[in-house]
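Each of the next two complexes has chain A plus one other chain: chain B in the first, chain C in the second.
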Partner chain A sequence: MPLKKTPQVFSASIDTVTIGTGEKAVTLGGANVMPLYAFDAPIENKPALGLELSDAGYNAELPKLADFYAGAETLADQAKRAAALDGVDFVTITLNAADPTGENRSIEDCVAECKSVCETIDLPVAIQGCGNIEKDEQLFDALAEALQGENVLLLSAREENYKSIAAAAGLAYGQKLGAESAVDINLAKQLNVLITQLGVQPTSMVMNLGSAASGYGFEYVASTMDRVKSAALAQNDAMLQMPVVTPVADDAWSVKESIASEEDFPEWGPVEERGVQMEISTAAACLASGSDAVILRHPDSVATISALIAGLM
Partner chain B sequence: MALKGLDIFKLTPKSNCKECGVPTCMAFSMKVAQGAIDISKCPHLSEDALAKLSEATAPLMKTLSIGAGEAEHKLGGETVLYRHEKKFVSRDLFAVTVNAQNFDEKWAETEKIDYERIGERMYVELLDLEYTGDVAAYAELAAKAKGTGRTLIIDTTDAEAARAALEVVAETKPLLNGANAENTEEFVALAKEFKVVLGVQGEDLDAIYDTIKAIEGKGYKDLVIDLGSASIKSAFENAVRVRRGALKGGDRSLGYPSIVNVAELAPGDLHMQQALASLFTVKYGSIVVLEQMTYAMALPLYGLRQNIYTDPQKPMTVEPGVYAINGADENAVCCTTVDFALTYFVVSGELERSGVPVNLIISDAGGYSVLTAWAAGKLSAGSISKFIADQGIDEKIKNHTLIIPGKVAVLKGELEQKLPDWKIVVAPNEATDLVKFLKDYAAA
Partner chain C sequence: MGKFVVIGERIHCISPTIRKAMEEQDPEPILKRAKEQLDAGATYLDVNIGPAESNGEDLMKWAVQLLQQNFDNVPLSLDTANQKAIEAGISVYNRAKGKPIVNSADAGDRITNVDLAAANDAIVIALCSKAGVPADNDERMVYCQELLERGMEQGMDPEDMWFDPLFLVVKGMQDKQKDILEFIGQLRDMGFNSTGGLSNCSNGMPKEIRPIMDSAMVAMAMQMGLTSAIVNPNDQRLMETIKSCDVIKNETLYADSYLQI
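And now, the complex of A and B:
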């Protein structure tokens, strides 16, 4: 006797948000089932993968990564490599060099660099700030205007600086924006409410619910996403229905397991493989919990995670 | 379990004899359903009715144990689908495949994975014994594997091979995986004879379900469901449908722990096995079988598991004490923060990166982050100074410089009063700025 199927299909669904333009544009979200439950109902837009580039350059001490970008001097050249990689749906630029406590690169230079990437590749582009509240605010204002027509995703607006970013990205220049909160369903909802109250359409924004590497408080990420997805689907909470974009790379590549040298921990083996496995584990766990897109740094992680997604759809 | 009062009422004699201390059978039934009175208070229930009731009130997912003595592990017993509802109770276990040809080499590698993380021993709990067609060699493999002290999975559908292995290792309580539609009879007999938990396999979930029903019909219910290796998609679908069918659908024939062989789903691909092991750690795997376990895999995987299986009501904490970082001795500077595991990891990671020897003093702060602990009164000048006195740190460490978290800079003054022979230094607000801060400090 066949086992009765009891698919859990919701009448509510995750919003769809499109980034980029033309044939390569990517649509995030849209599912009316729990994350990855394609057996309950078809998931039209599979979770998307972004490859992360930094304007501060890649870590050339990692042999495979150095090999992948060998000869690609400029950010635009690197973006070309990234865009040509199988499984990459969009390219992410992280403007680390803009950080005032570091290189403090000027707004003009950052804008010019992002612009050259957008002109070089036809894949959608997402741009992450440097993490400094004021600088990011200025950066995103300028980027939203300069990249008009590119439909880029600006990551992210936070509670402290959402007003001007939302006004520029979401209202004036027709870009998409990410709303970033710190691994808490209430904070996420509050920020979404504030941003939509400014007039930004829910279909113009995604959520970055915060992230953590495997082993570093991932339980908060998992439970926040579980609760957000359940509120969005089961309770039809429109203020939590935006797709979730999770920048995995930064957390995965900054924990001890991914950076401690092999000399210090000989039994752990090569650093690069550790970082890749950390990134893969974290990304798979994020997708299982509810990310509609993840941002990764290593081509090997992209190969595995894109195959995982394909295997599950 | 949520059994309705009416269902219970149907099983009573409806005589309203009041011997249970309640005026009517109906009222009695309602109280039982609420858990307010025990079913045994009514002396007039038939054995049959009691059996029905105890079945209906049994947990939806069975708790089983495999392995003996120190190697005993619990499986199953979950009551919720999402960890924020209630704690997940039985963390998933990891197994590595070995066979008669590769045992020595693989065990030597597997054995190396053994370390502690926040009070938990991290190692490969199980060995999965692959059958390669030679019964005598399989029995020999089982004997060797038994010598490792790890819990074993007898992974064969061949009854003769299974018997040969069981005769050698039955007292270590291995998992016998497995039974299928063809060998049901023989495998149930083996499981009963050797008193072992039985894994159930099948080409799809329908076939597995049929075999489970057949085995239950023979009175055996110590089962584990093999999610199969037809495809990644079907294994994940099976994981969800089994757990959901049990906990939400109330189908006890699905209420068993699961086993998933990711080595078979992605042979030779340790990256994909890592992705799958992480997926099944988050969603409903009880045993995950891998081809190999390396440190690169273990460090994230065991960390993830530790996270997922923490009590949502109770944050992970580290043992209070003094942690010597970068080979710190009595002359190294002291630094203090809370016992919240996440804070500890971030701070100790940054301290290590600085390369500066530091004595990290962790006092009991209730498992809260720095600001929360301070607000809750769990981290104060009093608590820090008391901890330093109680632990005899004054004598143990000669360097009386104490760096305190930037977020509780307000404690500086009071600490200086309470620890008059200590120099109190305030660290930056964010842990990420610690490396520079310490390097500068060491240089000064």
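And now, the complex of A and C:
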């Protein structure tokens, strides 16, 4: 019996959200099929890749990464390298040095540095906080105002600090905003409801549903994203139709496989290769589960993941 | 089966305010009631213009355009005994948010409303009755089959036939209530959509009792597989019950604010 192909195309679709400005602006989302199912219907906006920079600097102990950024002293110089790399759709700055329990850089310094990156490159910019709830709230408020007109993506507002971040980024200064929950479908929806109730348009928002390095409880991530996408598409749930942006780098580069030294585990091979493999496997799994964009740290990961996406679209 | 479809029943010419607004083609009272119902979570709005023998066609066209233009092509259920008025309504109807509903056909004189729905690619509410109240579920099923056959002969998708089990008043017909629930289960087992004037069950009861009785009925009927009902969406207890049942049935993902969306 011949195979009868029945495309699974939904009448609902993922919202489209654009970050950045001008020719290099990137539009996320828009699909009306399950993640990567380009064989069911064309996917207009392919999943996007962000390359992550940290204001605390890169890990110079990784030879290839050190080589890639060699000579780029400032964050703006590093951003220029990142932006020139094939496959990179946007550049992400993570403000690790702002953490009050660490270097505790001032808001003014962080804003100035982000501003210089935005002025240097024409790719869209996403900015991640330091993870401290209060500091991130102040940082995002200041960044939203200072970067008016850049249409940056601020990652992310959480349950504890969404009000002022949403008001600044989503309402007052016309930036894009991530709503972050930690692998919890009900909270993901609730946070979106709360932010939209403040008046923020769903098209100014993305979701960061949280992640885990592959092998570290990723099945929870997969089932969460799966449930979110099926609610968005099959149940036409407007409170879950925002595109999903997943910062993969931090999880992938924090697990034992990516940090244990080669001296301790000679049979595992070079640290850098292991880290890249963790990053690739996590990012590929996120894309298959429903991420509309992933944020990576290593140029080799970008090469592989962008080839994967190109091959599937 | 998807989320429960609430058809708001409050644009009805039995209401003096609405009747007057329809006579004078005064938009305000109708728009106000439409907004109240949509804000409360109605998906479809029923537009009942009564028998409307003289001016039904103009009136239905006016009402359809008024509501769809003001509320983003809200899907409508066109409710009148005047078939020409329903056709006129459909002729100006925008399908962007859902097909029009023909309200309603039965297995008796009004079976031609199935033909009307079929000819206009509309949904039809199909009352499983002929003349008066069916005696039991066997009789209901016979009417259901007659209606189904009529629709399928004319190429209707059975999904577009929303069967109405005929909700009966508890006060006086208490012994029939279990039958109705069981019939809804039979419709579900055959994969059919269903709807009906659910608040009929609490007819004649004190005002403060009706939301409680309607809520219990809708919860039990949803468990049996009822997919829609023609109700008052501004009955808060009823809407809270419907939304909670949708969550329990996993038709919508829970969030703490689920009652507000």
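The working rule: the second predicted complex is superposed on the first by the 311 of 313 C-alpha atoms of A that agree within 3 Å, B and C clash if a C-alpha of one lies under 4 Å from a C-alpha of the other, contacts with A are read in each partner's own complex, and residues count from 1 in each chain.
Basically, contacts are C-beta pairs under 8 Å (C-beta built on N, C-alpha and C of every residue); 3 or more make two chains touch, one makes a residue touch a chain.
Here the structure is a predicted model, which is why all the values come from computation and not from measurement.
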Next item on the list: Would you mind checking whether chain B and chain C clash or fit side by side on chain A after the superposition?
Entry: fit
Notebook entry, point to check: Given the touch rule stated above, what does A:R227 touch, chain B (first), chain C (second), both, or neither?
Noted result: both
Next item on the list: Decide which partner touches more residues of chain A, taking chain B and chain C as the two options.
Entry: B
Notebook entry, point to check: Can A:A293 be said to touch chain B (first), chain C (second), both, or neither?
Noted result: neither
Notebook entry, point to check: What is the contact status of A:V88 with respect to chain B (first) and chain C (second): first, second, both, or neither?
Noted result: neither
Notebook entry, point to check: A:Q8 contacts which: chain B (first), chain C (second), both, neither?
Noted result: first
Next item on the list: Classify the contacts of A:L154 with the two partner chains as first (chain B alone), second (chain C alone), both, or neither.
Entry: neither
Next item on the list: Using centres of C-alpha atoms, tell me the angle at chain A that chain B and chain C span after the overlay, to the nearest 10°.
Entry: 80
Note to self: So in the superposed three-chain picture, is A:G217 touching just chain B, just chain C, both, or none of them (first/second/both/neither)?
What the structure shows: first
Next item on the list: May I ask you to decide whether A:E267 touches chain B, chain C, both, or neither, giving the answer as first, second, both or neither?
Entry: first
Notebook entry, point to check: With the two structures laid over each other on chain A, which partner does A:N186 touch: chain B (first), chain C (second), both, or neither?
Noted result: second
Margin query: With both complexes overlaid on chain A, does A:I280 touch chain B (first), chain C (second), both or neither?
Written below: first
Margin query: Considering the aligned complexes, could you tell me the closest Cα pair distance between chain B and chain C in angstrom?
Written below: 9
Margin query: Show me the chain A residues, by the header's touch rule, that chain B contacts in one structure and chain C contacts in the other.
Written below: 227
Margin query: With touch defined as at the start, can you tell me which chain B residues reach chain A in the complex?
Written below: 82-84, 112, 117, 205-206, 209-210, 213, 231-233, 236-237, 240-241, 244-245, 249, 254, 269-272, 274-279, 281-283, 294-297, 299-304, 306-308, 310, 312, 341-342, 345-346, 349, 352-353
Notebook entry, point to check: Which residues, counting only chain A, touch chain B once they are in their complex?
Noted result: 1-3, 5-6, 8, 36-39, 212-219, 222-223, 226-227, 230, 255-257, 259-260, 267-270, 273-274, 276-278, 280-285, 287-289, 300-301, 303-305, 307-308, 311-313
Note to self: With touch defined as at the start, can you tell me which chain C residues reach chain A in the complex?
What the structure shows: 2-3, 251-257, 260-261
Next item on the list: Name, in rising order, each residue of chain A that touches chain C in their complex.
Entry: 185-187, 189-190, 192-194, 197, 227-228, 231, 235, 237, 239-240
